[in-house]
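Both complexes shown next keep chain A, but they swap its partner, so chain B is in the first and chain C is in the second.
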Partner chain A sequence: MSATLAKGINSFKEVIDTPIASFFSSCVHCGLCAEACLFYTETGDAKYTPIRKLEPLRRVWQQEYTLLGKLGKTLGLSKPVTDAELEAWEPLVYDSCTLCGRCAMVCPVGNDLTYMIRKMREGMAASGHAPEDLVGATTRAVTIGSPMGIKWPAVLAQIKHVQNETGIEVPVEKEGADYLVLMSSMEIINFPEYLSALSRIFKQTGVSWTLAQDAFEATNSGIQIGASDLAREIVSRIVVAAERLKVKCVISPECGHAFTALRWEGPNLIGRPFRFEVKHILEVLDELHTAGRLKTKGKDKRPLTYHDPCQIARRGGVVEQPRRLLNEVASDFREMPDAGVMNWCCGGGGGVSANSRAEPLRLQVFKHKKEQIEATGTQTLITACANCRIVMEEGLEHHHMKVEVIGLTELLAQYLVEDNTP
Partner chain B sequence: MNHLDLLTFARGDALNWALILFAAGVVLRLFEIFGLGRKADLAKPRTNSPGSGWRTVFTRSLPPQGLLNREPVTYVGGYVFHLGLFATILFFAPHIEFFDDLFGISWPNLPSALVDASAVAAIVALCVLLAHRITNPVKRMLSGFGDYLAWALTLLPLLTGYLSFHHLLFEYTLMLSLHLFSVELLLVLLPFTKLFHTFSVFISRWYNGDIFGRKGTAS
Partner chain C sequence: MKQTNSPKVLQGTVGEGLEQRGITRREFLKFCTALTAMLALPPSMASVMAEAIAKARRQSVIWLSFQECTGCTESITRSHSPTLETLIFDLISLDYHHTLQAASAEAAELARTQAMQENAGKYLLVVDGSIPMGDPGYSTIAGISNYDMLIETAKGAAAIVAVGTCATYGGLPKADPNPTGAVAVSDIIKDKPIINVPGCPPIPVVMTGVLAHFLTFGSIPELDDLGRPKSFYGETIHDRCYRRPFYDQGKFAQTFDDEAARMGWCLFKLGCKGPVTYNACATTKWNDGTSFPIQSGHGCIGCSEPNFWDAGPLYKALSMPVSATASMLGAAAVAGAAAGVAITWHNRSTKASAKAAHEKVTPQELLREDK
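Up next, the complex of A and B:
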């Protein structure tokens, strides 16, 4: 095990940079990050305090990159990070952190704890302390092309289904299209309505788009497990396809971490800026709507609310767009308490939903989302992330709540003004 | 060595050495932090938002939505302590004279009674925050020797200053010497304890604002 522990420690040393050193230097142990964390507020267990999840990384920083720490290490006064400790920390770093970033918004000294957890996971994975399920998902993503093991024929089957249903051709491998559309495994398996809605919206708005055979999957478990080399390989497929097809823009689907992986981490993973833009589907729909190209008719009369996916809103900057779109098609849109950048996570982000060991805890902390939904008095929940959607559907069922969850793209398509001329 | 000699030493050599060690410590710690560097972010920022790092340096002083209600002791205690401490350090007439001697700059002072009240408020806040640290499960779990040391290092100058001002406990010259020594101890150890946040808070908040600013969600 020592070889892998050494790799983990080395990885910790590699990821520590000026921001991380400033974060650890500034922490005054006030504990306010706990108050922002779903896993602490819903369990009351102090061990879920976000900054504590970083303790092994902090000690490596202190022992390697501060004079006093080095002195302590030389004199044998400091406690080295051990394999057993990393093993004990694995559930804290993976099962009880969704990388939601709420703690980073409240820390009085400005520590971006999510930035640190994301980087710490590199060392956890390198030392062999990543959850088995995430290792499996990442392996499938690299070898098969999708974390859920989906191959192109499955996508093709869905394309045929959508074409039959809508009578609209789904473009594949169309060079020179404006947009390359990606999907998440979850959408391919569970929510075919996304592709169907997109086909109809893009036909009405006259958008030129395409799917790519070798780059249909937007998700990237490499960034969840903390394996930048694998994350780079997964993101490169999209870059290669986008550049081969000469698209102007790649559309990240209704998926939270896929957006982070492609939009914010992507260029850094491949080591150069992209030659195309990356937009979340809600940004594209909002632009089409603002330009007057996306026309809707009628409004949903049901009281409904919107769940901000963390990676789309707080860590993605897409906050106003869903609200503008929702107000266009809903007459009784009600905000949840703390909506927008301070929204609470569904509990399943950052790889937690793919980690079966974390399931009981995930269902327990869903209590907060339950209370948020109940506060709105609605029974229709709109969101823009297929992972949030499945996590919330499971949570709602677990808590015996009769609330329907719908993707925003799909809701928009229901009120689309369609021109039926060919 | 009589009390006057002690005070002369506290004001002279001891102070000079403390200031030198303080400056060296701060420079070393800043070097440790900035020496690591960071990779340039190659992702195109959502909006060009120059200054979002600096904005967060200021805005992060305000409690975020909902947190004040969840943790009133930490917030109220934190504000009272910091404001009381700054008022005492910066606006007490003898302190301003001291800074004038040292750096040749001065500014208007606050009435002594107000400074006195500020110091008492800061001391009370420190005591409340210590009690909270010991009783709150999250804070207690996070706390170690360094946290209690930092607390004591901060309390001593306030307490000795208060006692000197009111001519309490010891003879004035001795008490004033002790006040100076406590400040000197604080100066020497500040860079190597969590009290270094006095400086690093500007760096960490700046990075937070910069990282979120690029995504378009900085506070």
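Up next, the complex of A and C:
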């Protein structure tokens, strides 16, 4: 039992569906996607042209699903995709694509290249051409329960810490709560502020919520590496827990791909609609704010800017909510150039940050984010994705920039009107 | 006092003539700037143009009308006096023109031969109408066949301006079954520069613009592969149409009196030929910049394109087939559907067998044994 080329090619054949066939046949080879890709604009290397990253998949489509391609294959005019080729493509598909989806926005024929890369990774993983680090993270996610190897006791320690700090009880395994709260490993390890901010906000707004022992982890390495079988297993844990606790809504944390995995891929992976809603934390906070339940006092005087995480803004449609919330607590909020759906990726999404081989390239392409931040003249950067946050913190340090990165939920909690009378 | 009689004959240079008519240099410069802009020349060319035109002796022009409807002449004269278009009439010496000249019979023909002798090699020949190649008797002037007159007059011309779709591409007379054997000027004359100014009729300012260019530079403007000045025929009506945003949004009028038509949506489905018609109507417009067909609710009929009359029904969308019969289309649809089903079935079986061959991926299977 191991990955083989045959399995990979079979997987390519399996993932090619109507959208992919129509995308490949309608590509006009204009190359506009190159200019939209961080990895091309920052390196100038044409090999990073997004559509080119799909070349092996395109060849399989041509050879297996088109008349001329089949003929060429039968006559031996077109050579089958080889292991060497997939090996050469591995860094293009995993290291230099963050699934950010900016290329899909500029494609004049509307090709969703991100959708294609995501599907192509199925074949790359099945043929054993996924980066070692991603294989490790995925294995940990499946066997231990979290890509960073975190188990429930670590979360429990975190909960105790938060309870001591805030004096607020963190509900666990509370059946019939309205919301099931998930976290990302990054938040458990690096940003405990998130859970603390959330429990304070939910206490003030009177939201009934809970954590689940067997489904605290929102991230999904199966999506990043491109193994639907594993992604299904990981997402099923959340579905089972949410339905067991009979919650109305599951809150995806400040993490980009977790939202994509649960909100968009989830029901397709398990093959049926969810019996609960999925919302990003910013959507929930915005709803509470609009309903007048989330009240804040005072405004942050620092000039600050907001980084739109790709999966939340461009791929997730959560664009207006963070602005409404920010304007409530910031007196000098400045948009960066290309903010909103055309924002530039931090450079570490889609599994790139978990892949140590990609680090030098990731730090190189961070230049663009650096310029965007510099254009605003701010030294405080707000975002809503723990992965973007850690990637940007590393990038800022590498480029010797004195910029503080803060999660939006955490910022809101700082200005929360707290009524501590019991 | 406004002059209402026929255009006064002016002596000497154009500059003198303009002065006599009380046209100030400021007005003249404005006129030249407008022309420069229309011809897509750099702004600095306006003063060059003004200098050149003012100093030029009035250009001798001979206008021949063959198988035509006089629409082109109507177009160039139908402009409110005094507009820029009538001014340009004073810049040239129109030595021969059936419809506009006062002389008749032998005197008229004498005017033509005189102008040809006096300005040999220098006069500009304007032609409207197509030339019948079937029986020479189909169209004659003073007993001379159109063909003979064109050959004779073209000989000493500096350049020829073919005005209107008949002269440029054969136009309506050439429409199937072309009973007179009508051909365009460029089908006969091969040794002279020819500027095609198509349209049925052409926009007045396009005609005057081409003449001004010739007067200023003594050469013909840059032409496209169909011999049309690029400055006026460089872009399609569609690309410059104010209704284009509706096309891009897929908002179409389905009939001429539906709500969509009243909202001013795109007329593509009602047969508008704007997407394949190169002309300046959408920018220059007609009747002193008032409007153009699409603006008044009717699709472009493509009158400035070769063989427009035979290019399919005027009210059928461009995307509809024009020549295939219903049975042919039916057969093609059946054959296409059959091929589609066969290919789909085959592709589905490819995909189904790939699905069947899928082995569940486990973490162990993400690694290669041989790696």
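Simple rule for what comes next: the second predicted complex is superposed on the first by the 419 of 422 C-alpha atoms of A that agree within 3 Å, B and C clash if a C-alpha of one lies under 4 Å from a C-alpha of the other, contacts with A are read in each partner's own complex, and residues count from 1 in each chain.
As a convention for this text, contacts are C-beta pairs under 8 Å (C-beta built on N, C-alpha and C of every residue); 3 or more make two chains touch, one makes a residue touch a chain.
Predicted model, so just to flag it, every value in this text is computed and none were measured.
Peer 1: Per the contact definition in the header, classify A:I16: touching chain B only (first), chain C only (second), both, or neither.
Peer 2: both
Peer 1: Which of the two partners, first being chain B and second being chain C, lies in contact with A:S78: first, second, both, or neither?
Peer 2: In the superposition, A:S78 contacts neither chain B nor chain C.
Peer 1: Tell me which partner A:T43 touches in the superposition: chain B (first), chain C (second), both or neither.
Peer 2: Neither partner.
Peer 1: Pick one for A:Q364: touches chain B only (first), chain C only (second), both, or neither.
Peer 2: Neither chain B nor chain C is touched by A:Q364.
Peer 1: Looking at the overlay, does A:L67 come into contact with chain B only (first), chain C only (second), both, or neither?
Peer 2: Both partners, chain B and chain C.
Peer 1: Touching A:T143 in the superposition: chain B (first), chain C (second), both, neither?
Peer 2: Only chain C; A:T143 stays clear of chain B.
Peer 1: With both structures placed on chain A, which of the two partners, chain B or chain C, ends up touching more residues of chain A?
Peer 2: Comparing touch counts on chain A for chain B and chain C gives B.
Peer 1: Touching A:V135, do we find chain B (first), chain C (second), both, or neither?
Peer 2: Touch partner of A:V135: chain C, not chain B.
Peer 1: Which of the two partners, first being chain B and second being chain C, lies in contact with A:T4: first, second, both, or neither?
Peer 2: second
Peer 1: Classify the contacts of A:A227 with the two partner chains as first (chain B alone), second (chain C alone), both, or neither.
Peer 2: Second partner only.
Peer 1: Using the superposition on A, tell me which residues of chain A are in contact with chain B and, in the other complex, with chain C.
Peer 2: Looking at chain A, the two contact sets intersect at 16-17, 65, 67.
Peer 1: For the complex, give me every residue of chain A touching chain B.
Peer 2: 16-23, 25-32, 34-36, 40, 46-47, 49, 51-52, 65-68, 104-112, 115, 263-268, 271-274, 277, 313-317, 319, 338, 341-342
Peer 1: Okay, in this complex, where on chain A does chain C touch?
Peer 2: Going by the criterion above, the answer is residues 1-4, 7, 10-11, 13-14, 16-17, 64-65, 67, 125-126, 128, 130, 135, 138-139, 142-143, 225, 227-230.
Peer 1: Mind listing the chain B positions that touch chain A in their complex?
Peer 2: Interface residues on the chain B side: 28-29, 32-34, 36-39, 41-44, 46, 56-57, 60-61, 64-67, 70-71, 74, 78, 136-143, 147, 192, 194, 196-197, 200-201, 203-209, 211-212, 214-217, 219.
Peer 1: State the interface residues of chain C toward chain A in the complex, per the touch definition above.
Peer 2: For this pair, the touching residues of chain C are 343, 347, 350-351, 354-355, 357-371.
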